[in-house]
């Protein structure tokens, strides 16, 4: 009986996973279609990839997405880290104020945050574009960075910085040599979250962008009205890159573990 | 901030260079035909070398943009909008464009709100070749083309699948076929307050420029009934592929999109109901806050030129504003020979041009949202 | 005698080819408090889980009331468990935790209420019925866990290291209370622990386990007084365990002396382990006891003193320390000073000599007039792989230099055949200041003399236990000083109520029945 | 450590400008008349009155809430067994499963929704079902991961203890596992319900223009109609309702409901 239940639950898991991967496989499959159709596979071709790489708007959208994600990640990580460290040593009132305010963009629906930015920029007569989009991205990324660093700081011995300074560190050295190394995990996690938030963002970008500046999401949104197989190619490429990165990040440590001789049976077990 | 912008431009520039080389192998006739023209250095000539262009979606052969960029050693940032209203709101939101392509009534509104700058007439050289009917329409909202140069023109009508919809029904019912329950769930309704209401007004025999509250309410009621009984899909540019593939039986379409659909699917037919329709034209204008007006003027003139109009009308199916291009397209070996939708009806006695009317626009926008929300 | 309740027959348990239980057989009586005692990994918890039904035995049977319970799932067994960290349900309050088992059995509400209330008063938690269990103290949680198990009226209560999470005082208190509860409810308790004190206090029967096997079963008195081997002796109580030889019946010998005992039945000259409990040794005047010793340490433990007496010394080696005066080299132009000492080294170490090793051994350092440290960058030496005296120059980048001697010698180790140990050390040079500045002189002396001791049996390292010298390090002057390094000798632990000073020479006395002789292990 | 406390100052300034002020702008727009300059605003409640006067807007709001509610329900129904099955795997397989569930989330949401558009075009499904598929697809991983996290945090000993006290598998699940995993379900609800209420590109892409939700309405009033005041009022109403429902959900977390079997 137990065995049949295990078989049932693994079948169930594979069905759910199939649901998750169906559209991804579908879009990758049809990105190699020789015709425009999304339902008939008429032959293998890489022409949509060629077309995509020669499409300036797509290439620029990718560029904008990456540049914004990189800058927003860098800035929000630095600001978030510094602020989190400051918060850990601040009065409770200040800490609460920042935490609560940070919750706003995270609890608010994206669209509300987005129109907030839009109203803000227009009221100040700031013409929207790359800079406004970047500012908005930085603004919604920082709370996530702080959120992922704070728990690590809380776990830190509160006397750590004092101990470092007692041993002759300046406050800055204490931060660099003692605090930051210990919250590194949180900082990296925060940076990753920030990057993926920025990379995937659509709603906030849509409302804060200006002439000639689109990221991948906006490009897809404004070009799906007509059948546009270059979007399949673009999607497929995102799938390739994400998969490759995740495999590198996740599987390599697993293989390394395996070499050390841990749990050989694990991978075969899900089947 | 300046530094940052510079950096980004640099990045974008390199990406562009990469794509440009690939682009140059593009197949467009426009690109080929403009190569003989002498190149101009925009930076030297106009003090700037980049323009932001804001046009309706599916409204251009993008190859003409690369050709322009090459010829003027400039950069064109090309964005598209769904509706005139979206475009207008975007401008209010602080986006600064150099060339936009709104419809007649929107230009009327923008002129009245002092949002446009006059064109440099010295740079405009194509007026002589324009269709007189188009110029007549233009003069109604922009006397002598002080602010605008027409881009495309057309009407609104019904595209229907001859294998699904009986020709008699269409002829007899006109717009009211959209309420014929025989075709329930088989309808694409155009998602635009102006066109949406136009159909209702015309079906009821009213003017689309009415200010009469009763007539507006009657039209709203017509639309609600249509919405509640017919389960239409509200679409914009999706309708093009939808009808090419024959997904639904009837669609409200602009004549240009219809011409393209007809050219792709021989089962499709076009009709402009006798009850009358909206005759419209879209024109190129330069907003007050344009940052590169000189090059914008040049761009407008370029877009109105024979080669470019030919390339664009070939690609998208909208009717050219140039008589010579229009003639070529409808000639025996033209792309739109005997294509009903390509030639704009000029003698419809119930046909109207839409005029901007703040009160009406406001009322309609609210009512239109309510219609769509089933 | 009481009725047999559980019969454990030849239980074998393997996990991934690793044998955790090697065939355990054990009888447990009704109303008995049994303790499974052993270090972590000995299989005691596994055995408990097999009884509870959380694990299936690979081989063997658990028979309860004459019925093999292997096929009965955990939730149908008349057995309940108090878990190590109690495993209280955090989403239920005290009352609901205790009532859990009864609710599952769908007992009527009033019966549940009655039983739970009784349990709550049994464990003394009146007034805590609706407290959040996560907010209780460790002792209170413990009581809830016991009540939750007992309310089901099991035939057997299993306790898995149940007291280990409590602090020491509370643990003592709970030991008594557990015993009290067991007497009151009159059921069998099987208690798993690694704490011998808990086992001795509460149990009717102690089962000492090791590596998946039972070593000894007996009453607390049995296992305390008559451990069957070194392992059991070490596990139960503090013991002096000495390697010895059984000369003949009633005569045992260790450290070259014969002692009377009451044990017999061993082969002649059979090597054995001897246990003498610390409380059985009396301290008497020197030469009045069975053997003499010197008090090495004396710790006051409240009621008694715990004294360590050394009865025979370890292996030792004496070296000379050459104490010299100031020998800083001063470099006026660079405002620097440098100091270093000559040193001796083992010929065997020459091959692995490095710059940093030279600096460390020579205790070389350089500093400016402002007492800032200066790094030593310029080190040159030419040491051949043979015995001899070599020059070595150490200097800074500013050109401040000092020359020292490196004396490469063949070490002469002292070997003690009796103890099977060797020790070696070198003469060395130091300045007065270096000795005065030393924070941990014994450690420094060992390092400076490169003192090292090892077992000649297996070459393993033996700790240098003692450093003896006869100078006052704060008032030392130039000259030669002998230093003796030695390893640990025979030491006996004694518990006595009399106070004895460290260094006191005493006699030690016990009676023959205090010696317990055990067979050598496996 | 006063010197470290000062490090928060730049962010407090930034936060005030970039988070608080924009939120206040929404409130300001919501209570003023259209066409005003920021500085000469004219206070009004008419935007709110307009919203509630016309049954249309509350209808859309209600539709969005019910849609989000059912999306959340479906996500729990599919996600709970999935998370449960995952938590039962061996640790290494769990890690791989988590990776497999996470991977699609790293791919742009629009891209994934666009992919569904292609698949769904092959079937003749009502636009409502298409929107549900899109919603569930996009938000299910959040639910699974939240529930999985809370399930994998449950001390194995509690389950053993439950068996020990006489509960069979089903009783153990209902009385121990389920109540203890409720916090994961609750945070899953937060992560699904909230974005589902306001989602606008999923209905737009997959609903074929036939399915208007509150997010679409807001987008419309901001992007095409250009009535930002009314749009702000709608957003404000939505935000308040969401905050209230979040508050209620959080309350639920504190007092797990009685389980009767």
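Letters A, B, C and D mark the chains as written, and numbering starts fresh at 1 in each.
Note that a contact is a pair of C-beta atoms (placed from the backbone, for glycine too) under 8 Å apart; a residue touches a chain by one contact, two chains touch by 3 or more.
Owing to the predicted nature of the structure, the values given are computational and were not obtained by experimental measurement.
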item: Chain closest to the middle [Cα centroid of all protein chains]; value: A
item: Chain pair that, of all pairs, has the most C-beta pairs in contact; value: A-D
item: Chain whose mean Cα position lies farthest from chain D; value: C
item: Inter-chain centre distance, chain C versus chain D - centres from mean C-alpha coordinates, in Å; value: 56
item: Euclidean distance of C-alpha centroids - chain A vs chain B, Å; value: 37
item: Chain B and chain C, separation of their C-alpha mean positions in angstrom; value: 88
item: Per-residue overlap in chain D, given as positions that touch at least 2 other chains; value: 222
item: Touching two or more other chains - residues of chain B; value: 92, 235-236, 238
item: Set of chain A residues in contact with two or more other chains; value: 118
item: All pairs of touching chains, each written as two labels joined by a dash; value: A-B, A-D, B-D, C-D
item: In the complex with chain A, residue positions of chain D that touch it; value: 1-12, 14-15, 18-23, 25-26, 29, 38, 78, 81-82, 84-86, 88-93, 95-97, 99-104, 106-112, 114-119, 121-122, 137, 140-141, 144, 194-195, 197-198, 200-201, 205, 215, 218-219, 222, 228, 231-232, 235, 238-239, 242-243, 246
item: Interface residues, chain D side, partner chain C - complex; value: 155, 157-158, 160-168, 171, 175-176, 179-180, 182, 256
item: Chain B contact footprint on chain D (complex, rising order); value: 54, 56-57, 59-60, 127, 208-210, 212, 217, 220-227
item: Complex contacts: residues of chain A adjacent to chain D; value: 9-10, 12-13, 16-17, 19-24, 26-27, 30, 38-39, 79, 82-83, 85-91, 94, 97-98, 101-102, 104-105, 107-113, 115-120, 123, 135-136, 138-139, 142, 161-162, 171, 175, 196, 199-200, 202-203, 207, 216-217, 220-221, 224, 231-232, 234-235, 238-239, 242-243, 246, 250, 254, 262-263, 265-267, 269-270
item: Residue ranges of chain B touching chain D (in the complex, touch as defined); value: 82-83, 85-86, 88-90, 92, 191, 231-236, 238, 365-366, 369-370, 372-374
